[in-house]
Amino acid sequence: MEFTIDQVALLINGKVEGEGNIKVNRLDKIQEGKPGGISFFSNEKYENYVYETDCSAIIVSENFTPNKAIKPTLIRVKNAYVGFTQLLEAYSQITKMQLTGTTQPCYMDESSTIGEGFYRGAFSSIGKNSKIGNNVKIHSQVYIGDNVTIGDNCIFHPGVKICNDSQVGNNCEFHPGVVIGSDGFGFAPMEDGTFKAIPQIGNVIIEDNVSVGANSTIDRATMGSTIIKKGAKIDNMVQIAHNVIIGENTVIAAQAGISGSTEIGKNCMIGGKAGIVGHLKIADHTNIGANTGISKSIEKSGQTILGYMGFDFKSFLKSYAVFKNLPQLQDKLKELEKKL
Amino acid sequence: MEFTIDQVALLINGKVEGEGNIKVNRLDKIQEGKPGGISFFSNEKYENYVYETDCSAIIVSENFTPNKAIKPTLIRVKNAYVGFTQLLEAYSQITKMQLTGTTQPCYMDESSTIGEGFYRGAFSSIGKNSKIGNNVKIHSQVYIGDNVTIGDNCIFHPGVKICNDSQVGNNCEFHPGVVIGSDGFGFAPMEDGTFKAIPQIGNVIIEDNVSVGANSTIDRATMGSTIIKKGAKIDNMVQIAHNVIIGENTVIAAQAGISGSTEIGKNCMIGGKAGIVGHLKIADHTNIGANTGISKSIEKSGQTILGYMGFDFKSFLKSYAVFKNLPQLQDKLKELEKKL
Amino acid sequence: MEFTIDQVALLINGKVEGEGNIKVNRLDKIQEGKPGGISFFSNEKYENYVYETDCSAIIVSENFTPNKAIKPTLIRVKNAYVGFTQLLEAYSQITKMQLTGTTQPCYMDESSTIGEGFYRGAFSSIGKNSKIGNNVKIHSQVYIGDNVTIGDNCIFHPGVKICNDSQVGNNCEFHPGVVIGSDGFGFAPMEDGTFKAIPQIGNVIIEDNVSVGANSTIDRATMGSTIIKKGAKIDNMVQIAHNVIIGENTVIAAQAGISGSTEIGKNCMIGGKAGIVGHLKIADHTNIGANTGISKSIEKSGQTILGYMGFDFKSFLKSYAVFKNLPQLQDKLKELEKKL
């Protein structure tokens, strides 16, 4: 998408110094700026790039006084960083939400409904009795099953699968390959050593403002609901098992896994590759380090936990420091034994 | 799907007490029961909910004597829990296996065949020379490649990919996003530091009654077959590399990974995030804890293994308990040194 | 695909001994050979199978002198192993690259272009302003977004998603379910405890000869590019976060994860399930063991690192050996204390 520098300045409430009629179509780091790109200058460390960059425009703060000649057009705003962020958001909003209409062939059962401002990509499929709100963007090869409800302003990137009975709130974003509402992993052992599937008849509820990263999976509940509360942010390849509850504004990094029926509090941070066993409660504001295993409930809020079987992170780091010297420690002990 | 309470009672061989003509369309937990739902009451702890619930019907045991008035209709069966389980299974069977016919557009090469009672969802694709049995449910956006054979009563949930040459038995279920038969990870190092792909010309064989969870991947063998034996149950995001053999009725939890050519025995339990290196043999009935690393073969059956580099779980837990106190242990040692 | 033994011999520059007009359509291990299959014999340990196998043809070295009668036709080449490898590659090349044309329905926006020798499978979708080179194989249900550039001889297996703005070089292979160019995981914390998405406006650049395994995810950069350099080989379910750089010929095994802005050198080996935190630099030729956690940059090249928080692998193994005996070590210390 192309804009003139004048149009960009209007968008972020800035004043143009220099040629405003040049077209730009890209945001560049100032040290990598090329014609057609817009950069910003906010951190003094990078000032020399202002005089060297080849980009077409730079967003600068209104009080910036250059001490050499500058080639690019300047856009002056109150605060260059804030101005650039506004531009980023406008750009992102435009590229993500402007898409409307239908790319054929795509499929929607006639019993389902979709609001205004929608996009339905090629080979997307919507099942029976589903209700979809306004401004929902359903990209190529997305699957939405039967009896699904979806709020407004949601984005389903290519290849997302939302299985039957799922409920999704407003302003949610699902990155490519996400699976919501697959069967939970429940099998009853039989006397002959085989296993019989326990029917998984619950669903998944995803509240407002939730983001789920590429190829993550969230299983439906055995009965009742697996719930992702509002504002939770989930990275790529995270596994969330049946009947789990994720609290408001909790952030979960890539490749973490939460086992069945565990309840995570609000505003927790869960590191990449962390694993939490089933049927636990994790207090609000808990910080779980990357690769940490959690096998007991955490009752006191605000703790930072680390380790293979996680405990207080400072204690863990001290223990691990000694672990690195265990052979020497063992040698000393042997010496002492000899002396006695 | 809606039934009357009378119809449900017929299905599970129960007697109706109260109004039988009310429609129900959902299974509810008794503590969350709402009109239109059926619950069950089996555990005495929950008796007070029997008198409070708003669901439309409750399955109870024939010998249950209420001591207060009950609003919902009762369905009396020999054993309420068993009756409810029967209902769950009937419900699951109906919802999963009733679907038949074709949602257009979908694609099947004319050289391939499919038996009776099939479902083929929108944008599903079946390649050349594949043979598919009876009552196979192929949901939206499923890919089945060339030269694939599939038995009876299998379910392929949306977006499953079954690559060329795979063989699947009867009664198997593949959850959304599963990949079967992708190339194994085999590269020969060249003298200049680059790698050359080793062609992966084997296949994957999946025996009867196997379940594979969402976004799991099972690679084809370099030569010969990667084999998942009958009754194995695999959770979400499990990685199974080329030439692996998984024994009968072995259960593998989410995010575990099995490296190339490893052979797992039967009736093993492998915990979430466990990792097993290549070319090992794991004895029958081995229990591998969550997040455990296995780098040596396990020859004696029936062991429980835990740890970063796993060993006997009780020994691991003892060592880990000391690990937590390593700084104190080190301090004591220093004190002793001083005294001497 | 079927060939006569004579045709196979021509392909690998071999001499036929016996009936050359028999049709073969498969490569078999010699110990599992069946009619219609070709095997090879190179390792003396397997000589007895040469006399027992039921396959139709065996590739043998020119100096092999059988000491019993042999049923299958022989194909004599200079070196049997090399000859078989050539056959494997020819087979793989033929099966992977021979596919051309279009299976309908598939979609390509009219603003995009594709070179000669392409294949476009059913329900594949190509967005706007994308440029695709020659001999590119786009299988069923592949998604290629807008403004994507792709070189020659690339293979996109079923269900691969290449998001907007990605750049792919020549001779790359993407296995089923791979996601390239999904949004990086970047959220700015707000004062009220919620998070606001930081727009991810960069892209992914994948150089020549890169392979990415099934269901792996590579996120686009926040700004600039996430870069996978030439010859890198990535296994299944690997997570590569925004702004990461993977060096030339670096090999990453399944379920490993690299956090944002980390830069991995060239010719590194990263084991399965390894995790590397963000903003680090890993030197060339670093060997990171399976399941290893890396939380500090590695400056010296050529090291082998292992452990929960990885350090030199020999030191780790020594420490872990003592860890296994920690309870005994603690007991000894207690004894010593008593004695004093």
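Should a chain be cited, it is by its letter among A, B and C, assigned in written order, with residues numbered from 1 in that chain.
We take it that a contact is a pair of C-beta atoms (placed from the backbone, for glycine too) under 8 Å apart; a residue touches a chain by one contact, two chains touch by 3 or more.
Computed from a predicted structure; not experimentally measured.
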* Fitted rotation between chain A and its twin chain B in degrees, CA, nearest 5 -> 120
* Asked: If you list every residue number at the chain B and chain C contact, are more than half found on both copies (same) or fewer than half (different)?
  -> different
* Structure fact -> Between chain B and chain C, the Cα-mean centres are separated in Å by 26
* To do: Can you tell me which residues of chain C touch two or more of the remaining chains?
  => 105, 123, 141, 159, 177, 215, 237, 255, 273, 308, 323, 325-326, 329, 333, 336, 340
* Structure fact -> As the complex stands, chain C meets chain B at residues 27-29, 32, 88-89, 91-92, 95, 103, 105, 121-123, 139-141, 157-159, 173, 175-177, 209, 211, 213-215, 231, 233, 235-237, 248-249, 251, 253-255, 266-267, 272-273, 290-291, 307-308, 320, 323-327, 329-330, 333, 336-337, 340
* Asked: Which residues of chain B touch chain C in the complex?
  -> 105, 107, 123, 125, 141, 143, 145, 159, 161, 163-164, 177, 179, 182-183, 185, 187, 193-195, 197-201, 215, 217, 219, 223-224, 237, 239, 241, 255, 257, 259, 273, 275, 277, 293, 295, 308-309, 311, 315, 318-319, 321-323, 325-326, 329, 332-333, 336, 339-340
